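Below, each structure is written out as structure tokens.
Next come two complexes, and both contain chain A; in the first it sits with chain B, in the second with chain C.
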Partner chain A sequence: MNSPIPAIEIQNLAYSYGKAEAVHDLSLRVLPGRCYGLFGRNGAGKTTTMKCLLNLLRPQRGQVRVFGHDPAKAEVEVKRRLAYVPDQVAFYPWMSVRETLDYLASFREHWNRKKEEELFERFRLDPSKATGALSKGQRTQLALIAAICPETDMLVLDEPTSGLDPIVRREFIETVIGAYQEGNLGNRTILVSTHLITEFEGLIDEFTIMDQGVSVLSLEADEARQRYQRIRARFAQMPPELDFQSALRVRRDGREIELIVNGSGPELLERLRAHNPEALTTEALTLEEIFVAALKSEEPR
Partner chain B sequence: MNARMVRIRKEVRALFWPWCAVMIAGALPVLLPHSPTAAKLNVLSFFFGIPLLATLSLGNEFYHRTFSLWLTQPVSRMQLWAEKMLVMCAAVLSAGVVAWIGMFFFALPEMNLTYNKAAAIAYVVVTMASATYWTLAARSTIGGFILIGCIFWLFYLFVGEIENLPPRDGVFYTVPPPTTAITAISVFAISFAALMLWLGVRKLARFQVTGGSSGEDLLMAGPSVMPEALAEWFRCRPSGAFLNLVRKEFRLLRPIWVIELLAVVYLAFLAIFRLLPSSPLFIPETVLQWVVLGPPAMTCLALGGLAGILSLGEERMSGTQAWHMTLPISARRQWLVKLVMAVFAGTACAVLFPVLTTMAVGSIYGSPLLYVDVSLVRAELIVLPILTFSCFWCACAANGTVRAAIWAMPVIAAIPFASQGGAWLGRELAQTTGTLKDLVASSFHLSPSAFAAVTEYANTRVLWLFIPTLLVALFQSYRLFRTTPQNSALWMLRCLLPLVAVTLLSSFAASAGFLSSRWEPFDETHHALDKLHAGTAKIEFTGEDLAKSSALTPPTQRWLKGSSITVAPAHSSLSAYLATIHLASGLECRLTVTQSGGTAASCGN
Partner chain C sequence: MLFQINFKSGKPAYLQLVDQVKVAAASGTMRPGEALPSIRPLAEELHLNRNTIAKAYSELESQGVIETLPGKGSFLKENHSPLRKEIRRKLLIEEIDEAIVMAHHLQVPGAEFLDLIQVRMDALERKRRAHEDDKEKTK
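Take a look at the complex of A and B:
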């Protein structure tokens, strides 16, 4: 059976702004129906990568394919199948919320009016209000409505929740994004770049952590949780001096030892068990902890 | 370096490049005393550059959305303002002095009257003093610039010789004003400047940063003055993407329509009261004439340029352009809609609406063409769209309205300079080697006037020389429309380089190809025959005989190669002799030499 055409396929992407290399040799593949996270510190190259996908920037090296198409060649076909929420949302200040959505709807083949009304209610947005009078968070809400209502095959979200209050943020992530994917299960893809990794924890299927334009880690979320673990051991007396070189981080606190491990959990567990600890527990790291651990492990010790 | 110096250095850096541009344009008449282009650039730098420099200092904070950041520094507002004013005054005064000297002593020596010079000084002083107030009121550089322009117009209208209106005996308002008038203007200007300065300080002290987005910009947002029924048409609908793009463009160009409406009403007023000169080529001579008649012409010119810049410039600044690129409509279509709308708006506002207005008023007096020169309108219909397109190119290459507006003048000036450079190079080359046209005519023994029609056409219609540049600019503007421009002068120069190169090459090719031809084969033949004492009896020469007797130029030698020349005395009392040149190609040219040494020639088979 043939594997489905990936929603996104990036091969050896490179892009520089003058001499500053924003993305270097990045490769990733997102299958349809997945929610893919792009994590990284500020200036890691996430937005540049997204802009290359959207044909806002032309890759200087490498290849970018969206639904099997080159965004530069099949520009309209690609854009027809995706909706984008930029990191800095801007609208025409003279247009009302209603007019802005009408304007955007005119470019789309399909627009879910029922969903639009529902989101108005949920976000408590006044359709008659001019967009110039909206707060930053309200503008983001409007951008999210504009991205959800066309019910495209893919959502590209660049820091979508920045500026949203905690209630709306939680509701958006848990309900709106979830409902979007469930609307056509297995076919709607989300590519999200965010700093608020914890809030997207339950949604992310796969992710790439970027640092200084380079992919540091690309994994399935479940596999990452299996590999990245926290091991806690408490001993009756002072713990023995053991070699934990394979651990990402070691913290000793009196009779306790805490290890952050990447894949070497079983081996280290065996070694700790050999010294008869009073208590020995393991737990999966959250994606945010994995993000921090992965980036810390990249830093020179 | 202490903190104050760091802040001052930031202010200097913000104004440095625009200041350089205004200084250079202001000093051009000193460097090129007889160049009309230099004189025009000087006047533009004085009347546009000075207010732009004055408003740019504060307007930059709105433009870069750094106003909140600037005001929230742990320094008093007054101190921050004083630092800005210090740098702005230094920039405006230095540029103003240079432009003032250039204007009155080199560019427009006929305006070198005490009254005019005092008015110009008052202009600089009041501009500096009122920049803070108007920029804060408009919340943008361009808005502040326009408001300052409006106030000056009212100011000069007030201080001008209103009592001389309307014209008497066909003569427009006459000057010169008495010394008391100069004193009155000076006192009024100083008082007005002090008032504006006080208002500016007060406004800054009470200023509230309520948004900082473009929604606060007076120029772009402003009060809604359109009737609801009409506004409904311009409201975007849930379907019809293309029409929605057009509607959006109309709305983005809102400031142009508003200014155009005021300009047209003013023009109609002038026309109704017969204050417009019948000849459109009338050049105002007094300050009052300039004040009354200058604004419509300058507004039309400015609107032509602004139409090209405003829409894309504002979208780039607000970030809506990048966001539009992700909508499912091709970038090419978006670019085309924007370009066509800009050119339409520019041409309509700068030419069509003013012409139609004056024609309508003229028809009241029984002659629709009372104030209209059809040939001038025809020329404007070619030049204005080019101006709008040039400004549109600047908007594609630059990031935002102000940046594009600042670059528009150097970019537009660079192209004619490149053209002149190319033509000069071509002329120099043609002087030593002859033109390509000469080479072809001489090598194939054609009539020297074989390409005369083409040369004549090219000489009378120089605009065609810019067609390759326009085509490259058109292609380039689409490419730049899709990219994210960089905020550096180097980037702009890199964008401009292909246009300059193409202009230089096309001008060079046209000049070296045929425009710089100085080849006069009949004159050379005539002189050679004179040296051989021909004309006394019927005699036959070859081209080689002539080459031996006289120093013929290489093209003439080539042209006469293999030819035979039959010379016979003329039967007429006016003519000395008649030479028939049988060229190697079979073409026969007849050269008639008169008693006085003049020649007449024609060629045919």
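Take a look at the complex of A and C:
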């Protein structure tokens, strides 16, 4: 069986703003139907990467492909099949909500009116209000409606929930899951960049953690949670001196030891068990904790 | 059926869903013929990828635990006996493990713990027999 054409393929991408290198040798691949997370701190290069996919920036080195096309050469074909919610949402402030959606719909060959109504109801937006008078949360909701109604093959979200209140954030995620993923199940691809990882935990299939323009870690979310573990052990007496070289982090206090491990869990568990701990527990790290652990282990020890 | 996902368990979310349905079926929380939540509302509620839920349901279907009727939804199946024993055992093992941990905390040695289990089994058996004898007498 031939593997499907990746929804996104980035190879050795590099981009600099003057002397400041934003992305350095980044490669990643997103298969159709996946929800892919691009995690990184502010300034890690996430937005630059996304802009290269959308032909808002031209890669200076390497190449990007969206649905197998070069976005610079097949811009219309690429943009026809994706919708984008930028981190800074801007509309013409004098247009009403209704006019804005009609205007945006005029660029699309398909627009699901029923879905639009459903989302209007969910977000309780006033169609006659000028977009200039909307709150930040309402502007994001409007951008999300505009991104979902064309029912494109891919949704690109750049820091979609930062700066929003918790209720709006929850509604946002639920809308992406419910309204966007509906229909054509298994073929709607999502690329989301965020540093608010926790709320996307259940949505992410696979992710890349970026730092200073490079990929620090690329993994399937399930596999990551299996590899990254927190082990806690308590001993009856002071714990013996053990070799924890393979742990990412070691904390000790009195009779207790806590380890953060990447893949070496079974081996270290066995070592701890050999000394008959009173208590021994393991738990998976969440994606956010993995993010922190991955960035910390990058720093020189 | 109220599901709960714990990402710290390290178990993939779709497997957590699969296990929870199996446990609910084995313990009687869910009865045969009862409907499972449909994919979209469940995905929205749990903030899970719809594909994850779909994967869990198709796994349950291939194991014969549920059946999906097109346009109607997914339902717990009447008979999935090959799985039940395994699940019952699993439930029991959880309880046994808890008792073992308790025994450890109370410093009851392993051999004594095993003896106690035998003693309790005998005691309960005697009780059961006494009940039956009573029933015989009242007949």
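By our rule, the second predicted complex is superposed on the first by the 295 of 301 C-alpha atoms of A that agree within 3 Å, B and C clash if a C-alpha of one lies under 4 Å from a C-alpha of the other, contacts with A are read in each partner's own complex, and residues count from 1 in each chain.
One rule holds in what follows: a contact is a pair of C-beta atoms (placed from the backbone, for glycine too) under 8 Å apart; a residue touches a chain by one contact, two chains touch by 3 or more.
Please read all numbers here as calculations on a predicted model, not as lab measurements.
Q: On the A-aligned overlay, A:104 touches which partner chain: chain B = first, chain C = second, or both, or neither?
A: Once the two structures are laid over each other on A, A:104 reaches chain B alone.
Q: For A:26, using the defined touch cut-off, is the partner it touches chain B, chain C, both, or neither? Pick first, second, both or neither.
A: neither
Q: Is A:91 touching anything from chain B or chain C once the two structures are fitted on A? First, second, both or neither.
A: first
Q: Is A:44 touching anything from chain B or chain C once the two structures are fitted on A? First, second, both or neither.
A: Once the two structures are laid over each other on A, A:44 reaches no partner at all.
Q: Determine, under the contact definition given at the top, whether A:57 touches first (chain B), second (chain C), both, or neither.
A: first
Q: With both structures fitted on chain A, tell me whether chain B or chain C touches more of chain A's residues.
A: It is B that touches the greater number of chain A residues.
Q: Contacts for A:35 in the overlay, against chain B (first) and chain C (second): which applies, first, second, both or neither?
A: After superposition on chain A, A:35 lies in contact with chain C alone.
Q: Which residues of chain C touch chain A once you look at their complex with the stated criterion?
A: For this pair, the touching residues of chain C are 5, 7-10, 12-13, 39-41, 43-44, 46-52, 54.
Q: How about chain A: which of its residues touch chain B in the complex?
A: My answer: residues 18, 54-57, 75-76, 79-80, 82-84, 86, 88-95, 99-100, 102-108, 111, 130-133, 156.
Q: Going by the contact rule set out above, which residues of chain A touch chain C in the complex?
A: Touch residues, chain A against chain C: 33, 35, 170, 173-174, 177-178, 181-182, 185-186, 199, 201-205, 222, 225-226, 229, 282-287.
Q: Would you mind writing out the residues of chain B in touch with chain A in their complex?
A: 211, 213-217, 220-221, 235-241, 244, 248, 251-252, 254, 318-320, 322-323, 325-331, 484, 486
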